[in-house]
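Heads up, the next two complexes both have chain A, just with different partners, chain B and then chain C.
Our next item is the complex of A and B:
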């Protein structure tokens, strides 16, 4: 009973945070609501006793959004961004079509799921017997889920290579000037150049 | 009283008592910081309020509360007000997973089992890292919302520095997790049974040193207090804050210091265990308290002895020295543990 009440509270807060995140005109406020949503999702993971997942949710998303936040400050001029009317009008229809598609996908996937099948045999008792949530999670990740795991790591590697290439290009264009501003996090390459 | 009710009562007592104890410790940590700073610089430090000036912090809090609450006109007011709380709260949440005595076993209090930890779950170390990630927000948002160049630079420096050193910190803590075979702080203490030479600080000496250095950067203390560097940035992200809002950042720094000391004691120095097994007649919380006090003294000693690093030096130490070393430490630990058993 307590769990159900807490679930409803956190779920409502998460959805409210998500709505606020996309409706705020101020980008930083939007980012903060996004963090708020992720924290509530982490709380729901805590309720399902997936402690490791809950904590990793906070580490990964809080860290990722922090980087996004720094980029917003460094790269976008907030005031002009807020005043700007919608310039990408054609994107609207594409966005609408894609969101309907994603919603349909969610409905199809979730319609086929009952609570017992969602558990997949991972009852709290079975997990405790197998040596705790972290261990069960790790074994699942590196046995059954190895392929998606490796695919995700390749995608991340590609993103990293892309980021490094962007930084490199900027440096050759700027000549002898440093490629990072004071206060910004320099890439290891930029530091190497400096020292 | 039935057992679930008793456990609930214990839980509430622990959850209320822990923050109060920490706040009291903070008051005296600030007093000792000022006293030590005085001694290191051949001064006397605070002397007026209470015996040897020991009540100085309480006077300071009264002063801070009664000061005018200045909010800059062009600042982002809601975020400006929110930031001190974001800096303040995560530090306390970490205390929930820190064991300060034996957990489990026979009933030991009024016929019920009293666990010396608030929440015992299998990802305690990761929770500590997660709360570190949240605490960055307090600092960066404070810097951004003030709408001042010094604040923004300080906030961004703090953000970059804390994100960089978190990596080295996480990897060095992973060495301990591999040795204990668990991420639960309770089980990490259980893995360090016996006298002080059986604790993890000897096999994990590299990890312990990296963790300690990284923790100074996480705490934004000298020699890594680039975020507040007075000579360059006035007071960094704190420039526009005054009164109790400034006081909350100040308190958060000391709460964090106590919590990180507790985590280092637990990961590397046996947590609540006594240095010799026969000394375990003295209860666990006292040993943990003593270990935290020693570590806090070392933090203060370093702060008033070593000069501030330059910003790019800080970054190159973090990325080029500490991170590779912590990775090597983790790799060696993993190989040794899997070969030896």
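Our next item is the complex of A and C:
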């Protein structure tokens, strides 16, 4: 019973934080609401007894990824965008209506479906007996999913290299920086010069 | 209501409703907002909704594959955040804006 009450509280807070995150005009405020949502999701992982994932959710998501966002937002000066139009003028009401419709569809489908547990055997008692959630989790990960795990490391390496290449300052062959200022349209002559 | 293992305190349906709500919030944000950063936030929200589903079903089926899969979703989310932010930085440096409907150089 306690778990159900806590679940409802965290779920409502998570959804409210999510709604706040995508509606804020100020990007930093939206980011903080997003971190709030992630912390609530971590609490739900705790309630589900996925302790390792709850900690990873806090450390990696709310910690590392969101700090990366904060750094980039602070590097770019985004205050000027708060005065601009925040939504797509032509599609916002249609998009909102369609979203509500899809949510209603989800609810209708979920209300009519019944799931049967596969009884995989990893009950909380069995996990506690086998040496704790993190140990069992790690054994399952490295026994069944070793190859995907290694592939994920390659994906992360590719993303890292790609991110560095994307933000590297462009240089011409002679080592000079490019001949037009960022933000203004390059003149055809400048483009030709660079090529 | 789904058939729930006797020792699972929270019905698996509740995870699905929460996940659906978070996913729809993310999808709506993706469709409605113009700011590239808010679009990245929406993407993270949708990936997190999927994670909730995976963890809830992992507990329901008493199987750890779902939990293992969450690790991969998080790895992809981290990669996507790094590349997305790099693209945002490069776009901002070149065009001085982050409103996605203004990036129409290719007339798509």
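Some observations on this one:
Simple rule for what comes next: the second predicted complex is superposed on the first by the 118 of 195 C-alpha atoms of A that agree within 3 Å, B and C clash if a C-alpha of one lies under 4 Å from a C-alpha of the other, contacts with A are read in each partner's own complex, and residues count from 1 in each chain.
Simple rule for what comes next: a contact is a pair of C-beta atoms (placed from the backbone, for glycine too) under 8 Å apart; a residue touches a chain by one contact, two chains touch by 3 or more.
The structure presented is a predicted model; accordingly, all values stated were derived computationally and were not measured.
Judged by the touch definition given at the top, the superposed model places A:56 against both chain B and chain C. Of the two partner chains placed by the overlay, only chain C lies in contact with A:152; chain B stays clear of it.
Of the two partners chain B and chain C, more residues of chain A are touched by C. Of the two partner chains placed around the shared chain by superposition, chain B is the only one that A:29 touches, whereas chain C remains out of contact. Of the two partner chains placed by superposition, only chain C is touched by A:166; chain B is not. By the touch criterion defined above, A:69 lies against chain B and chain C together after alignment on the C-alpha atoms of chain A. In the superposition on chain A, the residues of chain A contacted by chain B and by chain C overlap at 52, 56, 69, 73, 182-183. On the side of chain A, the complex with chain C involves touching residues 1, 3-4, 7-8, 11, 14-15, 18-19, 21-23, 27, 30-31, 34, 37-38, 41, 44-45, 47-50, 52-53, 56-57, 60-61, 64-65, 68-69, 72-73, 75-76, 78, 81, 84-88, 91-92, 95-96, 98-100, 102-103, 106-107, 110, 113-126, 136-137, 140-141, 144-145, 148-149, 152, 155-156, 158-160, 162-164, 166-167, 182-183.
The part of chain C that touches chain A in the complex is made up of residues 1-5, 7, 9-10, 12-18, 20-22, 24-29, 31-35, 37-38, 40-42, 44-45, 48, 51-52, 55-56, 58-65, 67-68, 70-72, 74-83, 85-90, 92-99, 101. By the touch criterion stated above, chain A contacts chain B in their complex at residues 26, 28-29, 32, 35, 51-52, 54-56, 58-59, 62-63, 66-67, 69-70, 73-74, 132-134, 182-186, 188, 191, 194-195. Against chain A, the residues of chain B that register as touching in their complex are 76, 78-79, 82, 121-123, 126-127, 129-131, 133-134, 136-137, 140-141, 144, 152-154, 156-157, 159-160, 163-164, 166, 182-184, 311-312, 315-316, 319-320.
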